[in-house]
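In the two assemblies presented below, subunit A is common to both, partnered first by subunit B and then by subunit C.
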Partner chain A sequence: MAKIELNNIAHSYNPHDANPLFALKEMSLSWADGGRYALLGPSGCGKTTMLNIMSGLVTPSHGRVMFDQKDVTHTITEERNIAQVFQFPVIYGTMSVYENLAFPLKCRHFADDQIDKKVKEVAEILNLQDFLKNRAKGLTADQKQLISLGRGLVREDVAAILMDEPLTVIDPDLKFRLRRKLKEINAKYKTTLIYVTHDQNEAMTFADNIIVMDEGEVVQAGSPKDLFERPQTTFVGYFIGSPAMNLYECQADNTNQVSLGMNTISVQTNLDQKNTSNLKLGIRSEYITVEQSSGPNTIHADVIEVEDFGNYKLITAQQDSLRIKAKVKREQVVPTDKVFLKFPAEHCCIYANNKLI
Partner chain B sequence: MNFKHKFVFLLPGLIVLIGILIFPIIFTVRLSLSGWNSFNPELDFVGIKNYIRLFTDDPRFWESFFRLSFLAVTTVFLQYIIGFALAHMVWKDIKFKRFFRVLFLIPMMTTPVIMTVIWRTFFHESLGPLNDFLSIFGVQPQWLSSPGLAKISIIIVEVWQWTSFMFLLMLAGLLSLPKEPFLAAAIDGASPFKKFMYVTFPLMAPISIGAIIIRLIEASKIMDTVFVLTSGGPGTATETSSFYIFIKGLREFQMGYAATMSFTYLIIMIISLTIIAKVLTKVLMKE
Partner chain C sequence: MPKLYTFIKYFCVILWSCFVIAPFLWAISTSFKDFNSVTGGATYIPWLQFEPTLDGWSVLFKPGSQGGINIIGPYFNSIFVTFTASFISIALGTLSAYALSRYTFKAGFVQNNDITFFFISQRIMPPVVLAIPFFLFLSTLGLLDSLAGLILVYIVLLMPIAVWIMVDFFNRVPKEIDETALIDGCNPFQAFFKVVLPNSIPGMIVAGLFCIIFGWIDFFFAFILTFTNVQLLPVKIVALNSSITPWWSLSAAALVSVAPLIVVAFVVERFLSKGNLSGALK
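On to the complex of A and B.
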């Protein structure tokens, strides 16, 4: 295991062109040994490129990759001690489950008794011990994905296990179980796990550190709580959370007050001496409350729709051009025509030029 | 849409199918039950007399059939090995990749009969450049008049002519393979040999089976090479089933008997190719 650092990394697939296009814009990141990370972002944002740079499948056009202070930028994949799980399960179809798990060790010329011990240990963790003699080809998609993961786990020298949307082919219930299994593995072996996904739920439930990417840039890195409560950009606010964060254009009235259409909303952000052009107010639908009467930070809006999602209700309300989405408890009584919605000041985020103030 | 409408749309295709495929087969079966020859050119009915003759009194047909089997299996096996190796070579990032890809396709673009004439000249025992060269080492092999060497000559010509086709199929297969298994094998630390054995070869198994079957079907019809290169000789040393049927039907005009041989040959080929396909699936795909 190792600490992985990306120093001023950038990657362009046409670096020698007059105007190179960068799949990954310059950034520096550090991945602590034994951490559980998720790389989150929409398709084409550079997640897989970053992952492939770490595994050595792609050599970055700029910057350096360091494993425990050692420069491995130009080290080939085989010598990097990285394990990678791909979106679709990769198994050796002609081999048994046992042979599949043993393969990375055999390639590294381990002794048979060592291989046997390690394979059985990993098979037990992954609940594959009953299938060891079976042909890998005949297993289900999730079992095959476990084999892919197992080939990374049998190696004790693995610096990190990189997973590129590994649960795409697996049904929701199994996804949940496998994510739990991955957490257990991380806790037991202290292996650094880096998980690429475009699914925020997967990222939020799996990782203790999430790196959100957009258009080749890291837009925010932090814990699930940070990303949810204090999104650093409007993109993160929009991308994380279901429904997306409510975002409205607003004007600064004074140091901690903004006007939102015909409403005045108090916020805890100090707007004094800050760049107050192109301001936006963002608030999570989870923090908007339904009130019985008008009051401070309350907006009186028409109820457009109330959707019952079983464990919560989603209110869609509108006041002129402001469309507000509020998530309330299922038991909450919601008026059918007009509703008072309160924006608690402590949960209002103010963005100038799409960046959190 | 009711059944009649569907039938109207299917009819043109069905008419063509019946005209070019089903009618000739049915006619061949009928012809095989007749004694049609140059003295008696009519579609009479002799029952299974021709079949009895074929199975009890014509070892030459069976010899030609086993000779054909040997030639077909050998040539296709060599074409597969060489074609796969060449495709694997130009699949990798090598210098002049595009040039080699075109170069390896040239034999397939040439006319087989003309190329066989050139090969015949090449193998000519007294005038050919091959023996001219080999005479430096004091050897003058009888390429086309020794039974063993004549077979080898046919194999060389067939392999040269059709390896391109195998190369093309295998290259198309290699280019369509997903890249993840190769990346995973690299990460697992597999050597190039292990990558080939455990990733490339198993992934290519379905394509290999298809390519081998296509080539076996083609190779079992081998005619032009034999006709031009050796005319079945020396003696009957390179005579194949199709060439023997050609002799009986179009040289000796024993049309009824030639039809019997054709139909028997067709049935044997259908059965044997089905078995070969199943065996290949079992062996190559380990199912």
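On to the complex of A and C.
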């Protein structure tokens, strides 16, 4: 296990072109030993490139990769002692399940009894103990992915286990159990887990720390709470949360007030002497409350739709061009025509040029 | 409707089987006939329509002094040359194909696809274009009329087939399997030999089959690059021809010469089943 640092890392797949395109723009990141991380972002945002740089499958165009302060930028993959699980199951089709799980240990010349003990232990964790003698090729896609995962778990001394959307082919119930299992493994062995996903729920439920990426850049890194409550950019606000954050263009009225259409909303952001052009107000639908009457920070809007999701209701309301989504408790009585929706000042985020002020 | 479908399916299969088997049956029947039975109109059933004889077969094994051609030596020469050249072609071709599939080569405008095409272009040229260069090449090396010379030439002819088939095969193998092996602790050579190669056996068998077929049926180079020391089966069979075509001996020779290919086809058939080719890796 090791502390992994990416120092000023950037990568282009066409570095010699006149205008190279950077899959990963310059950034520095640090992964604590034993941490549980999620790399979250849309497809093509550079998540996989970052993983491949850490595992050594890709050598970065710029910057250095450090494992416990040792420069491993040009160290070959097999010497980095990293485990990586890909999106689709990669198994050694000519080997049995046992041989697949034992392969990383055999390559590293572990003793046979150690291999046997570890393989059986991991097989039990992954419910593969009944298939150990079977040919890996004949198993189902999710069982094959469990083998891929197992090959990562058999080595206790790995610097980190990198998982590139590993549960894509696994059914939802098993997915949930596996995520829990991975958390247990992280707690038991203190193995650094880095989990790439574009599914925010997966990221939020799995990781202690989430790194959100977009267009080759890290746009925010923090705990699930930070990302939810104080998204640093409108992209994070939009990308994290279901439904996405309500975002509206607004104008600054004075130090702590913005006008939103024909409404005035007080905020806790100090807008004094700030670049007040291209302002946006963002608020999570979870923080909007239904009021009985008009008051400060309240918007009177037409109810368009009320959807019952079982454990909560989702109100969609509209005032002129403002479309507001509010999540309320299921037992909350919601008027069918007009509704007063309050934007609590402490939960209003103000963005200038899409960045949080 | 399902019955009609089944009927059409079986009808087509039987029709195709007849199409494939009929020439063999015809050759088997002819190989047991004599001059009169062959030239006296179509006959099919032995003992009823014609009296079977082993004359056609015995010519193949009699020495020249007794009017035969004795194919045993050329037969084993053909087996040795074809299988050795095919084996070496597959071994070298697989390595080349893996490199062409996994690594990027660039020299000016020449890239991986151009190199692959260069290999296969050896087979596109008419064989006669290569005749004189090969003759001079073997002559310089002192390998004319020798098994080693023929093996060398056949490697040049068969390796493009192996490279072409294996490049396509490796291109369809996800590179993640190599990467996984590297991550699991293999170096690139171990990744190839321990993981990629065992999974590539179906592709190698297909390539091997093609190499064996093309090597086995070659007449042209076997004819111009050998004289008296070494002879291969196709050249020897052609020697059967005379002013009166001996259809009975030629039929027997055809059956004998096709036998190794049938044996090879039966042996490798199980490797070529759908289950073995698809999902070989993932």
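Quick note on the criterion: the second predicted complex is superposed on the first by the 357 of 357 C-alpha atoms of A that agree within 3 Å, B and C clash if a C-alpha of one lies under 4 Å from a C-alpha of the other, contacts with A are read in each partner's own complex, and residues count from 1 in each chain.
The rule is short, and it goes like this: a residue touches a chain if its C-beta (ideal position, glycine included) is under 8 Å from a C-beta of that chain, and two chains touch if they have at least 3 such contacts.
Every value quoted in this text rests on a predicted model; they were computed, and no experiment measured them.
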item: Combined model on subunit A where subunit B meets subunit C, clash or fit; value: clash
item: Partner chain(s) touched by A:F88 [first = subunit B, second = subunit C, both, neither]; value: both
item: Partner chain(s) touched by A:N8 [first = subunit B, second = subunit C, both, neither]; value: neither
item: Subunit B versus subunit C as contact partner of A:K144, first or second or both or neither; value: second
item: Partner chain in contact with A:S55 - subunit B first, subunit C second, else both or neither; value: both
item: First, second, both or neither for A:N254, with subunit B first and subunit C second; value: neither
item: Touching both subunit B and subunit C, residues of subunit A; value: 55, 57, 76-78, 82-84, 86, 88, 90, 92-94, 103-104, 107-108, 148, 151
item: Subunit B-facing residues of subunit A, complex; value: 55, 57, 76-78, 82-84, 86-88, 90, 92-95, 103-104, 107-108, 135, 148, 151
item: Sites on subunit A touched by subunit C in the complex; value: 55-57, 76-78, 82-84, 86, 88-94, 103-104, 107-108, 137, 144, 148, 151
item: For the subunit C and subunit A complex, residues of the former touching the latter; value: 174, 176-177, 179-187, 190, 195, 198-199, 201, 279-282
item: Residue ranges of subunit B touching subunit A (in the complex, touch as defined); value: 178, 180-181, 183-184, 186-191, 194, 198-199, 202, 286
